[in-house]
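Each of the two complexes below includes chain A, the first together with chain B, the second together with chain C.
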Partner chain A sequence: MRYKWYLPYLFILLAMVGLFVFRLGPLFFAGGMSFTDWSMFGSPGWVGLENYIEFVKDPTFWKIVWHTISFSLIFVPIILFGSLILAVLLNQGIPGTTTFRAMYFAPVVTSTVAVGIVWRWIFGADVGMLNFLLRTLGIESPPSWLSDRQFSLVVVALVFAWKRLGYYMIIYLAGLQDIPRTMYEAARIDGAGALAIFRKITLPLITPTMFFVMIMALVDSFKNFDIVYTMTRGGPGTASTTLAYYIYQHAFELFQMGQAASLSMFLLVIVGGISVLNFVYKSRWVNTQG
Partner chain B sequence: MKKIFMVSILILTAGLLFANGSNDASNAAPTVKADEPITLEYWMWDPNFAEQQQAMSDRYEAMHPNVTINLTALDPKSYWTKLAAMAATKQMPDVFNMHPNSVEDFVDQGALLDLTDMIKKDFNKEDYFWSVMDSSFGVKGRYYGVPFAWVGSVMYYNKDLFDKYGVEYPKAGWTWDDFLAKAKALTKDLDGDGKTDLWGYGVFSRYAVYDGWILQNDGDYLNREKLTFEPNNNAKEAIKFLYDLANTYKVSPHPKDYDLDKKKIKLIFQQEKAAMISEGSWNIKYMRQDMPADFDWDIAYFPRGPHWKADTMHAWADGISIPASSKHPEAAWDFIKFVLQRPADDYYPGKVPFYKKEALSDAWDDFKSKGVPPEHKTIILKYGENAKHFYTKYWKFWRGYASAEGSGLSEFIDASLNGEITLDEFYKNADREANKMLNKAYR
Partner chain C sequence: MSKSKKIILYTLLVLIAIVNVFPFYWMLSISLQPLKAVYAYPPQFYPKHPTLDNYRQIFVKYNFFRFTINSLFIATIAALGQLFTCSIAGFAFARMKFRGKELLFGLILATIMVPLEVVIIPEFLLMGKLGWINTYLPMIVPSFLIGTTGVFLMRSFYENVPKELEEAAVVDGASPFMIYWRIFIPVSRASLSALFIISFLINWNAFLRPLIYLNSKKLYTLTLGLISFVGEFSALWNFLLAGAVVSVVPIFTVYLLMQRQFIEGITSTGVKG
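For the complex of A and B:
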């Protein structure tokens, strides 16, 4: 069969259609929508930058941006180091590894709603299990974890990290398998201890996986709508409201699609900006082999 | 640039319209012959009520062989989103449930049919709870929906606890002083550890729990002309009284100590941690069936404040509307009139039929007919003759409801009841946040 210039394009056609219809199409649509006052009912009216200006001037918006970033600042380090520690422990070949691996992965496949409900109960102020334990230990007035603005966002971020830890642990395990055994053997022959091996061999060689985990966890941390919805509904007040949740409120409670779209664009810029920064500074800490 | 964006949006919107089936052309022909086969799409938000509604639809179909009713019962969480999406594509169902907290939003968008002339022609005011109709579906003097049932906020009290501590039951016309004396007598440290185990009353920011107090002091926190948050002195007096219940008299817990929300408020009553709570009358069903109370209980109305003028019930309706784009408005209207005749025992125990004949029947007063509590369920009928509420556009956001239940006014009410902010801070914050949303809604 003779080569035709269009043949390669035919092979990627389906994928491109999917990309445009389900990814780029909605993205451009949302971008356009953000310059309108579309409320789902009538026709969209052009408002230019009004939606953006309104949010920029609104202190509540900046409070919510800060909550969104705080959520990531709690979630990402826990994922980055917590799942690495779990993966390293489970990579030792000790008995029961498979069971532990399954246990840590179970929350990943459990519905967020179920996770939210169970943890809501655990963190309950009056009859919650945690406060019951704290009272048993002599703490008379333990905090109202989910009704106190000091704690609610932190608690939701911790629960979300607990849910996602197993997923990233599996990615790290795959990364750990890639490190040549010979390096560990050579280090042991040279008399290196477990900590030195981890610091000098595992950590440097796992950095490409770490970078991948960091980018994925960062994106993950912004997709927190369902855990916020289930656990706190953004409250008390807006103490645990994040951008994803704020977008939902504008789109599906107020039906202000134009404003919701402009919020989505803010989110896109934040996620995109942080990812770009990560790639820029990648070479400073990521070791690539070969 | 602007043109490019607008053109792209129009193209994409048009694409969506076509993808959803293009039968807009038939919109131009609303006239229907009497024997022409008609299919009415009816959407409702309560799947638990679907069986009764289906039976009603079947009866209607039997009487009107040319009409088919397609009933869709959606979960309340997805109902409004799907309805709005249908409105966007001018594909709304022929008949659908409507709530006063959304009616203005839909009217504003021209999505609802003005039913005023039909209502005036076919309804006799004396046969219905008309104040509920006026307050729930009247927008600028026109009607855009018809209530089929209505509900209101009431006070639930635990008769066993009242008996145990020798406290007299609430009587019609009781006052805030009476209430406070009872609440104090019922607030107890049962195990002597210095902490309250039984509270006289449980209160938090929820509209169904809180707002009835304002009305019973002839108060209003809305400026109804300017549509701004502007509590008058009587409303401020009620707000201070409620603040004092939690922070000064300490007969109500801080909401955060029990994570009070719409479920927990009922739980503290069920678990006998609070002797009185206020909530919507539809929770009679909850107390009876969903989580039956193993103690004797009853309901009363909110006590009268120092500036009370007339018993005013915090009440609102569940109604039915027809879309402005309806192809069969006459058939839809005929079906609505039939639905309003639904027998009283078809309703949830705390919901009152809009049609008085059914509401005043023994079937609805099931304490009289079956001996099930609450004994004084019929007080709802009396107080419902004068109904009022605080719904406006964007109400969910500025008041704090659904996905924003802890935001808006609710945020600052709870913070004040928790003792985290003073009343002055409450007014300052509430004024800023509530009016921000109200300005947005009515600008």
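For the complex of A and C:
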């Protein structure tokens, strides 16, 4: 292929505008904003590290950091093991697999808003389905779930896990299908039981996928704005406010853009840290096959 | 597999299926009932006198028809744009030589994981400067131009296209754009449709951008229409869930028709990206 030197740059032009104007540019701009008292009104002034110091001194901020971590601690293990179980069940090659797979995947294509609304109804304190069932079982005063400080964050994280399980199930299925059938057959001829096959063949060979799923799920767990907004709006009080929601609140409800930008830097550092971890330790932790 | 093992397996599969499908069943069931039935105690497990009245109301009175059209328009244009941006850039990264190629591609990869919440604040200010607030443009333009995983996916695919295909066209005197358009686009139809599906889904379900950029009701997307509905009629579950059904049906239809592409899209953008 012959072409003028500048032609490749024309080919990547649109992607580069996207990269610099809507990704890298805003990233650095947000970094700069985090050192100002930028608000929607009035002119911004330089405040140095003040935004960061204020947050570090503020107990509410630490509460929100803890909520964010709790969310991940609930979400990631469910995804890591739950979707593996789904995938292993579907990988047995029995009739009806495609139908079950389609059903398990349905929540993934549904918008978070629709998911949030229907689960709000299920978890509703008075008319909700869940509390009706609990009352039928004889529990006289079931919790009011989403308006209860103790439960709201847990419920939101569980619902988000419910929505995302099918996605990771597909990734695990792809990993499982890479394991050669002959290995299973050989093990079966040697008289290995289902559990032994899972422990000695499936588990070691699926570790690279598990590691990948863990990293993806961890990053996913911080992108919880949509589900928090639809289910609780961070409430009651700040009981289910996470970092992503807190950023939104500061930027678009309180219009404190500078403070919001410094909050977003915390999020960036966390996600960036996970990506670096992924990059560095991938080869060391994981038993790669061929 | 022994018979008892099969029974256990199917029991597990069905139990999980119930947990997955139950909320959708309730969504549909309640959307077909009048409000009085929704608040009946004990709750009805199926609509005794099903009615489409809720749907008539939300379409006629509450603009849901318009919201649906808006969502369709935004998601289609954004996804088509992303296809073009990603495939042409992927082609250049895979088949052409130029200075800074590795660096630029590395930068694209490095930004894959950046959460939208981090870049949204400067983006909002930029959209304000451009005068694009309360238009469709903030929902379309960034998605049109950003396709980090898409560029990665298309590059991987194009790297494996045999050289002979390209050389035959070079002999015929085709320009690089012609080679991209006439040869590479057709051979990558499967990857492109997988990418389209994933991109359409993301834009159809997008929430944060519509929430901060749109003020006039007539521009609302389905997700935003639905959430504003929650604010206005928080106790009218029959309307809310009818709205949820409306937002789910189009994407389910696409999903059931194109299941294979969905799965492919996830495994190729997910596993490698």
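What we mean here is this: the second predicted complex is superposed on the first by the 259 of 290 C-alpha atoms of A that agree within 3 Å, B and C clash if a C-alpha of one lies under 4 Å from a C-alpha of the other, contacts with A are read in each partner's own complex, and residues count from 1 in each chain.
Simple rule for what comes next: contacts are C-beta pairs under 8 Å (C-beta built on N, C-alpha and C of every residue); 3 or more make two chains touch, one makes a residue touch a chain.
Quick caveat, the model's predicted, so the values are computed rather than measured.
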| item | value |
| --- | --- |
| Touched partner set for A:S83, first chain B, second chain C, both or neither | neither |
| Contacts of A:Y248 with chain B and chain C, given as first, second, both or neither | both |
| Contacts of A:G42 with chain B and chain C, given as first, second, both or neither | first |
| First (chain B), second (chain C), both or neither touched by A:D148 | first |
| Which superposed partner A:S72 touches (first chain B, second chain C, both, neither) | neither |
| Which of chain B and chain C A:S221 touches, first, second, both or neither | neither |
| First, second, both or neither for A:N51, with chain B first and chain C second | neither |
| First (chain B), second (chain C), both or neither touched by A:Y104 | second |
| Partner chain in contact with A:T232 - chain B first, chain C second, else both or neither | first |
| Residue contacts with chain A in the superposition, chain B compared against chain C | C |
| Contact residues of chain A, present in both the chain B and the chain C interface | 25, 29, 33, 229, 248, 252 |
| Chain B residues touching chain A - in the complex, by the definition given at the top | 2, 5-6, 8-9, 12-13, 80-81, 84-85, 87-88, 105-106, 109-111, 255-260, 394, 396-397, 402-407, 411-412, 414-415, 433, 436 |
| Residue numbers on chain C that touch chain A, as the complex places them | 1, 5-6, 9-10, 12-13, 16-17, 19-21, 23-24, 26-27, 30, 38-39, 41-43, 84-86, 88-89, 91-93, 95-98, 101, 104, 107-108, 111, 113-126, 141-142, 144-148, 151, 166, 170, 175-176, 179-180, 201, 204-205, 207-208, 211-212, 222-223, 226-227, 230, 237, 240-241, 243-244, 247-248, 251-252, 255-256, 259, 262-263, 266-267, 270-271 |
| Contacting residues of chain A [partner chain C, same complex] | 1-3, 5, 7-9, 11-12, 14-19, 21-27, 29-30, 33, 86, 89-90, 92, 94, 96, 98, 100, 102-107, 109-115, 117-119, 121-122, 127, 129, 132, 136, 162, 166-167, 170-171, 174-175, 194, 209, 212, 216, 219, 222-223, 225-226, 229-230, 244, 247-248, 251-252, 257, 260-261, 264-265, 267-268, 271-272, 274-275 |
| Interface residues, chain A side, partner chain B - complex | 25, 28-29, 32-33, 35-36, 38-44, 46, 48, 58, 60, 124-126, 144, 146-148, 229, 232-238, 241, 245, 248-249, 252-255 |
